[in-house]
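First comes the structure, then the notes that go with it.
The letters A, B, C and D name the chains in turn, as written, and every chain counts its residues from 1.
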Amino acid sequence: MTDGVHLPVADAIDADVGRALLERMWLIRAFEEKASELYAKGKIRGLLHLGIGQEGSAVGAISRLAPGDRVFGGHRAHAHALAKGADPVRLLAELAGRTTGYCGGKGGSMHIAAPEVGFATATGVVAGNLPLALGDAWAATLERSDRIAVAFFGDGAGQAGSFHETLNIASLWRLPMVFVCENNGYAEFTPLSAHTKVERLADYAGVYGMPASTVDGNDVFAVHAAMGEAVARARAGGGPTFVEALTYRLRGHYEGDPAKYRELSELADWKQKDPIARFATALAERRLVDDATGVALATQARARVDAAADEALTGPIPSVEDLLRDVVAAR
Amino acid sequence: MTELRYIDAIRSALDEALTADPTVCLLGEDISMGGPFGATKGLADVHGESRVRNTPISEATIMGLAIGAAMAGRRPVLEIMFMDFMTLAMDQLVNHAAKLRYMSGGQNHVPLTVRVQGGAAGGMGAHHSQSLEAWFTHVPGLTVVAPSNAADAKGLLTAAIRSDDPVIFLEHRGLYWAKGDVPDGDHLVPIGRAAIARPGRDATVVAWSRMVGTALAAADLLAAEGIEVEVVDARSLLPLDLETLVASVARTGRLVVASEAVMTGGFGAEIAASVGAAAAARLRAPIERVGAPFVPVPAGSDLEILFIPSAERIVEAVRRTLADSPGVATPGDPATEP
Amino acid sequence: MTDGVHLPVADAIDADVGRALLERMWLIRAFEEKASELYAKGKIRGLLHLGIGQEGSAVGAISRLAPGDRVFGGHRAHAHALAKGADPVRLLAELAGRTTGYCGGKGGSMHIAAPEVGFATATGVVAGNLPLALGDAWAATLERSDRIAVAFFGDGAGQAGSFHETLNIASLWRLPMVFVCENNGYAEFTPLSAHTKVERLADYAGVYGMPASTVDGNDVFAVHAAMGEAVARARAGGGPTFVEALTYRLRGHYEGDPAKYRELSELADWKQKDPIARFATALAERRLVDDATGVALATQARARVDAAADEALTGPIPSVEDLLRDVVAAR
Amino acid sequence: MTELRYIDAIRSALDEALTADPTVCLLGEDISMGGPFGATKGLADVHGESRVRNTPISEATIMGLAIGAAMAGRRPVLEIMFMDFMTLAMDQLVNHAAKLRYMSGGQNHVPLTVRVQGGAAGGMGAHHSQSLEAWFTHVPGLTVVAPSNAADAKGLLTAAIRSDDPVIFLEHRGLYWAKGDVPDGDHLVPIGRAAIARPGRDATVVAWSRMVGTALAAADLLAAEGIEVEVVDARSLLPLDLETLVASVARTGRLVVASEAVMTGGFGAEIAASVGAAAAARLRAPIERVGAPFVPVPAGSDLEILFIPSAERIVEAVRRTLADSPGVATPGDPATEP
């Protein structure tokens, strides 16, 4: 197992990097499958949005980020937090509402925060993270730091006012920010085509003269490449970039959603494009990580998550004192 | 009478309104697929997707869209998926829907209904659980109703749709699956009238939405000790049926106001202040308020349970009103009742 | 003087139409100069935003509308209301806070409503009228009416979320709506270039495949032509159009603004492009309305507005009963 | 002491904060040109346009931008031009600024100040005149202050900027040109403390922002009749200095709460409810509330004057508290005072 929580940052995906990314993808997959299992058992409650099938964009993009860069996620953000280096034990404890969770059980699945590893916050409000990331990027310029801010959001956010307002200011002020749109074709139960005539959200960037690309989000190499350019540009003072990653969620919108609004054939097609399997195959083809190692990584990830779950569920249930804490600074 | 779940009573009101009045139309995110809870399930099939219209995730604009359609003579019913997202639509709601009649000197009006569910239920956390009725009740031009049961859900929604002013129809997610008898046929509950959910002589508890059930549970607990609580379901918050509230307090001499929202700055304060002024001479103990602690709604379900005001807290508050009455004899003793 | 309040609707600007439009422009100019005078005298109070210098887009655009079409304006909307047929007496009475004003003195300059002539409402909230116009257009489709909705807004509205959300839905639902952006280069004291990298707001329409044009807003003929296409398309079920009219306000942002943020030379340039003088000259060159008639129209407009002001200021001051009226329907 | 106008006291606090603390930065529409009223005039020249940053007309996003910068360790002071436009930024303010500390279990915090002016003054109408403090005081995680004079404007703004939590700093446009003595040098007014604006023994009037001046005018009118009113300037609405309010009411036995906002659902209700409960034993008359009638703010200046609560209305309310005290002798008679 790779040491340390940060993914290796590298221009090219070599054997070590490939292995680390594949490992992290399996960790995320195992984590979310575990979350699903615990949800079914009632150990995790609330709204649980899984990103199973979307690990490629999360890991491909975040593998380009330095520890000091800050990520802002949405309601489907387990993958982004874990890719940025969040501890699976504390994250599962958070989902299960324990005091040992990152947020002491107050945040839950939709409002993850792990600022110590650069996952600034998630939000349950669609597009709500975009202005926050913008402010973080502005702060970076005031600090004269070369860190950057990255916002992950879905295709559904593209019809929200804040998305547009944020694009405008980011381009106007040339802020060190990357917009990563994970276009999975659906917002809840509605296909993108019913929400907008715009097929590629990256088209919006063009109006502002902002560099943009649309890539296969289930291809880690493609995301890694596009994000590499974007991050380099932001860090060099070249302003924001828009990266649209086309992907698909293999589960319902949230756990419990039977997802009747989509064709089974569509689902089957996308299962063929599973980003983890594709990355493993590609790594094997390039003779970077062989199949046996890939399988071992998956097994190890499951074991690690099993242990994480056992540990997470020993965390204490919060008390009334916990309920009343953390509203404002101690006065 | 037919037994219906609260959410089905809502759907039934929508269905009947769509059938009865061609100007009624529905708008909201995912509503043609029924929405996340199923309140509009099947309505697009029956009434068509042009009248049961899915919208993008653009809360500010769909509020304005509904207002613009209402100004033009439609009776739109807009669903905002969670009360927390009303924060995105406050400009259109408050600066436009609520004010257009007044600013135009009565030339325009906005027969709009906004359906929105809220409350803490299911461990959804701070972005999907708020109770914000206090904001809306501070806005001249709006009407605000908050049914606690299936019959009122149907009757008040029907009244809301027929109203010529913008009505905020507050649903509680935690009530969606609660069953209740609903009168058959056209069922209208007039806006502006409270209901006595349980009569009693010793103390009045005013509540609305899900807290009515909690208040009734508290009343049961107290009844076991011989204390008879009158539970008043405010139902219509704006306009408020002050008359019924004051009449109850005049009988009991004691008032507890219970709401699920955080207590500070909540609508309970308005009730306490206005009943306190109007029934001053009849009050035999300070008014007690019960509400959530002044914290955002936590996500973890165990914390959520601690957050939501309980029947026990209402019981304690009622007890305080009874203990705290200088010169008043044992409650429940008819000799000392007014 | 042309009879009736509605401008003649015609495909070409002939002598009669030209005369009517010129007359209306002079009426608007005289109205606003009178408003300025009354403001200086304290007879009108509050925030007064004049559109002097922008009459071309208002009259050019609205001359294409039928009586049943509905207009939604912003904070600088006297011209649009008058172009749509509002009575100058009632409008001045409104500005002066009299019960005889359209809104009984409750609306004032920024919140004009004259729905009886199809001026649905104005708003003091930048971009606030766009969603309202959208809803009106949607209502028209539900009514199966061929009327259309038109929103007038400034360049400053282009950075507001509602603008983008409205463009999206209008294009998606193919609504009978026209977006008229009066790009006067400034939002309050700030030039457009400090608010966005987008030079032509009409560029936004392209993302949605919405037809758009940018025209010289001080050229009545150009606005009339662009708007003619837009209105015809909307009425025929062809969906929305974006018309950007480049113009300039010759006064400060509001009365009392010394407008120090712009060069005097810029102002002088634009004075040369005064839309009324240009239209008068063009009409004379085309031998449609001769100079003498043009001058007479100006004189008549001033006289009419003088009389309107005298009448408006005889209107009663509202009482406490008026204050408390019109909040909700009588219950 | 230096005599300053309220608006200049604000600018002075901003100027000194920008000088003293490199993490302080300003954001808002047109602020580098001073804004429409001049509160930030000249600051961009001194401190640079990168720290005194003009923004587009994007209220929702500039609120989030300021929050994001605050999360990263800056101390942004955001100007929202009119309180009515806060409606556009409520999601970021309420769902994000106010909740991020809590939702993250204390990992994040938001040292943000939001300056916003409001109130009815100058006949600007329903979209430029609201008083919405009641909304903000209902939101856990926020701090809300509303200075009534130049010294407090400077001292509370300094405190707000130094606070580690989001503070809504409510300015009143009608006070901008009112002069007052402001202490020289670093001047900090601690958040959470009310001030006795005028001592008196017969009745307490609690007010904030511009209504403090109106209450003082009412006190003058009543003093002429020998009635001595104590005027308490609440200043800090959240947290509220209940102790000072209750102590005053314990002395006077009577309370009038006066606010410019529409009375229904206003913050006056919270004060009435909480003081009513905490000082029940000392109250000798029902609490009176004075507020604007329940209508949007009209544009016409003559209507606006009728809308704004007057000193006369406060005088009448005080008189009612004095008349309405069963068993209590002539006010001002020391023999009957507690």
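Here are a few things to note about the model shown:
Quick note on the criterion: contacts are C-beta pairs under 8 Å (C-beta built on N, C-alpha and C of every residue); 3 or more make two chains touch, one makes a residue touch a chain.
Quantities reported herein were computed from a predicted structural model and do not represent experimental measurements.
Among the remaining chains, A is positioned farthest from chain D, on the basis of C-alpha centroids.
Between B-C and A-B, more C-beta contact pairs join the chains of B-C. Chain centres here are Cα means. That of chain B falls 41 Å from that of chain C. Note: centroid distance chain A to chain C, computed from Cα atoms, is 47 Å.
Computed centre separation for the pair chain C/chain D is 38 angstrom, with centres defined by C-alpha atoms.
Annotation for chain A: residues 101, 103, 105-107, 111, 123-125, 128, 159-162, 165, 168, 172, 195-196, 327 touch two or more other chains. Residue positions of chain B touching 2 or more other chains, listed in rising order: 56, 58, 60-61, 84-85, 88, 91, 95, 102-103, 125-127, 140-141, 294-296, 298-299. Residues of chain D touching chain C in their complex: 29-30, 33, 36, 54, 56-61, 84-85, 88, 122-128, 293-296, 298-303, 306-307. The touching residues of chain C, when paired with chain A in their complex, are 159-165, 168, 171-172, 195-198, 203-204, 206-209.
Residues 25, 50-51, 53, 55-56, 58, 60-74, 76, 91-92, 95-96, 100-109, 140-141, 143, 163-165, 192, 239 of chain D are the ones touching chain A in the complex. Of all residues in chain C, those touching chain D in their complex are 45-47, 96-98, 101, 103, 105-111, 123-128, 156-157, 159-161, 187-190, 194-196, 261, 317-320, 322-324, 327. On chain C, the positions that touch chain B within their shared complex are 70, 72, 101-107, 111, 113-116, 120-121, 123-125, 128, 130-143, 149, 161-162, 165-166, 168-169, 172, 325-329, 331.
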